[in-house]
């Protein structure tokens, strides 16, 4: 974990209520896809946890949905604004477990961390499939970005306005077969549906309301088959086999 | 009273811990010298009351001393920053009572409202005298500004580093004689000393911690010979004869 | 069109917003800047039998997301309120007003309520029992179920207007006290009054407030107020005027979901003179955003979930 | 050079800063980012007889200038704390630590304290009496002088270490409870624990916390904490560990002027992992600014003014 200041280098609307923010600063604490940062916002007591979508030596990219006052405040930030951020939080995904043909399944605001994971897996020469689920065409983002990495991308929308009509799990059934591993991030009902449908082992990334974000308060603890785990520290990524719903 | 937004048009260090801030905006509610504005500051629950030092149709000038967190925050504001301000508060000084040879006595952060008053009195063709008291030469501000209005200015400093050594009341005794009226603003001990020394009637401007600043909460009420008065509404200027120490 | 109206002990209010006692004076200061007839109602400055100047200055201190006040119930006394303030108020406010009454003995409470009972302008009497009981060692009437019930009975005996008991949050079990008031005949409960707090001036190394302690209010206390409204709603069946830290239309909705039928806005009026107006004006949009058609539908709504 | 050291029941602390129980875990997370030996001491996560998972999520909600928590005393149980946590802690913290103990019956409190009494690493036992008493209808031990005194006695009987009773602020008269603890043999008083509050999720129209209510802490509660420390200081003569909303060196000084001998920092550590370090490092400058040479000189200083 590192606490440092970042400068907003970009903050653009990607899709309905969905923004991509690029932060310039010291990203040295970020080690793995699936980790998150914890952002202090003026006038809000608690920080906001946001997944690292991508990073380079001096920048971090995040994608966030405006769901409340904090994310709305973030949407109003402009290039040059400064943010105090904790970086390098969470365990992240383990790309080593993927096998040859990993399947990434993301829903809405759960998609961003899968992007850095996909990048890593492609670097590791895997044949990567990604099912990205949205409600409507207006919400779709990063389909091309995944595709340009060389990922086989399947889009699903609940209303069928683009891609396959239905849920991500419908695409799992119909479009996929011999995937070796599952990586998933999205709303809890989606994670559960994926968990139930998945024929492979996998890693699932969870969200929880956080106090500290670095393991001090027990605010984010959840039960697993191997005892209590803190989503901010032993998570947000849990192994399929340990999950208790 | 009016609530509106102002833009900082200038914010410069005048003297030790003393700043002059010019605000651009609708000053139409300001009617009299001695009135004050009530400034909302980000991150502070209560507003900060500051006297109007000068005003024109589209601007208000204030001079403030950094004594705590709110005024320190103000000192950090820059040209272009926006402030939400209540204007037109307080009764202000009554220039009509001055007679021909009014004496203005101000101490430190109590001097600013006397500037607008001096301007008004000069416009009304009075022969204006002002005793401006400071602790040290480093704190002195606006001596020339008063002088350029045509005011006869006497500076006092407690340590004698400039002007007459001593308190404003020392100058009253030695330098002045036939003043027709006293207008005074400054720390309460100074007001009391002036009150005791003054041979004329006069108006004295008081400070009090405020809740609302516009008469709703009774937070600033004080006892006078004519009953309770709210410093923010029936004050900050009280008549000499009504003051109860 | 959404419906913001509510019913409070038979009074029809066009919206649930009631500026809180002590933060709206007798309405004139606000009537100068907007038409206060847009308010559901308002609760006037706490009034006592005798005129009171209150505490010496300083009476106000700033806190994080809030403020302390130690006004000490400054008011012109019940007789002057009736003879001077109410007639003046009539010229700017045509709706029934809430009369906030304080006292330091049962007799004082009864005296004021009996007098105010005759005033047509008054729709509800709100009885502030946070004041110290001079006859019983200075503990506030609001700190025990017995003394709270005693005030309720004393007041109910002399008025036919609805009586709302305004409770102090500085207690171990506020629901127990609310229940005692209900049992004693109260028509409703107002809560919360301010939480006792203090600040110290670091330079002078002494308390900022001349009175040493004062009452904390503002957004800082909202979670405590919500919890107390929640607990009282569970315990009593009379309506609640909820307050404590409410500053936005969303806060109003949160307070009603916790169990309030109407909502008072206090310190927010001091921070921003237009606060109550802004809340009233943004309430319909906030309701639409949350899919609320009729405000009365959500009273206590979070209890069913 | 200013002197920041204090003495707490015979323990010499190089400064009065004690991260508060539940906000510093067992220290490791912080030891990774700074040398925690700069702390005066710290109070470890509330420990009970049996291991506890605590409440279901969500356990955290944001408030204005503060937060709610409903952790529900998650801890590995006293035996594991002694066998696993303390030895690990020893590697990163060489000073005496404060053992925070909770329980749901007198027996549980006594059990834990008797066990921890044998641990050399422990300098002070801080007994949290905000927990509900399972044998008496679930009211917290800290809500009556009698039950607070009963816990004090039960604990004092089994340990020779200094015992600090940690009081709940959710009471009518906290000084009375502190006095009962002193009378029962307590060596010091810690206050305040969190204030019970709640928030409601407007979209889901139900409480945010799975537990419905949680404990409010952070800057919002500072004025209440100061008032309670002030009242307790007036009533008892044993030392006070003051806490509630402390986030800066100035807050520490304010707390000590109110009567605290040492000062705990809670939520601030969660908001900023370096908070306690920053406070310790800025304390000397803050003292100089205010003309304070020796920190112990100002304990209760605002009472003399």
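Observations
Which chain is which? They are A, B, C and D, in the order written, and residues in each are numbered from 1.
By definition in this document, contacts are C-beta pairs under 8 Å (C-beta built on N, C-alpha and C of every residue); 3 or more make two chains touch, one makes a residue touch a chain.
Note that the structure is a prediction, hence the values are computed from the model and not measured.
With steps allowed only between chains in touch, the distance from subunit A over to subunit B comes to 1. Each chain's centre was taken as the mean of its CA atoms, and the one lying most distant from subunit C is A. In this assembly, the C-alpha centroid of subunit B lies 36 Å from the C-alpha centroid of subunit C.
With centres set at the average Cα position, the gap from subunit A to subunit C is 46 Å. Residue positions of subunit B touching 2 or more other chains: none. Annotation for subunit D: residues touching 2 or more other chains are 61, 63-66, 218-219. If you sketch which chains touch which, the chains form one closed loop in which each chain touches exactly two neighbours. Working note: touching chain pairs come out as A-B, A-D, B-C, C-D.
Touching subunit A in their complex are the following residues of subunit B: 42-43. Subunit D contributes residues 61, 63-66, 68, 143, 170-173, 195-200, 202-207, 212-213, 216, 218-224, 226-227, 230, 245, 250, 253-254, 257-258, 290, 298, 301-302, 305 to its touches with subunit C in the complex. Every residue of subunit D that touches subunit A in the complex is listed here, in rising order: 22-25, 29-30, 32-33, 45, 53-54, 57-67, 69, 71, 74, 208, 218-219, 267, 269-274.
Interface residues of subunit B facing subunit C in the complex, by the touch rule stated above, are 1, 3, 40, 44-47, 86, 208-212, 214-223, 228, 233.
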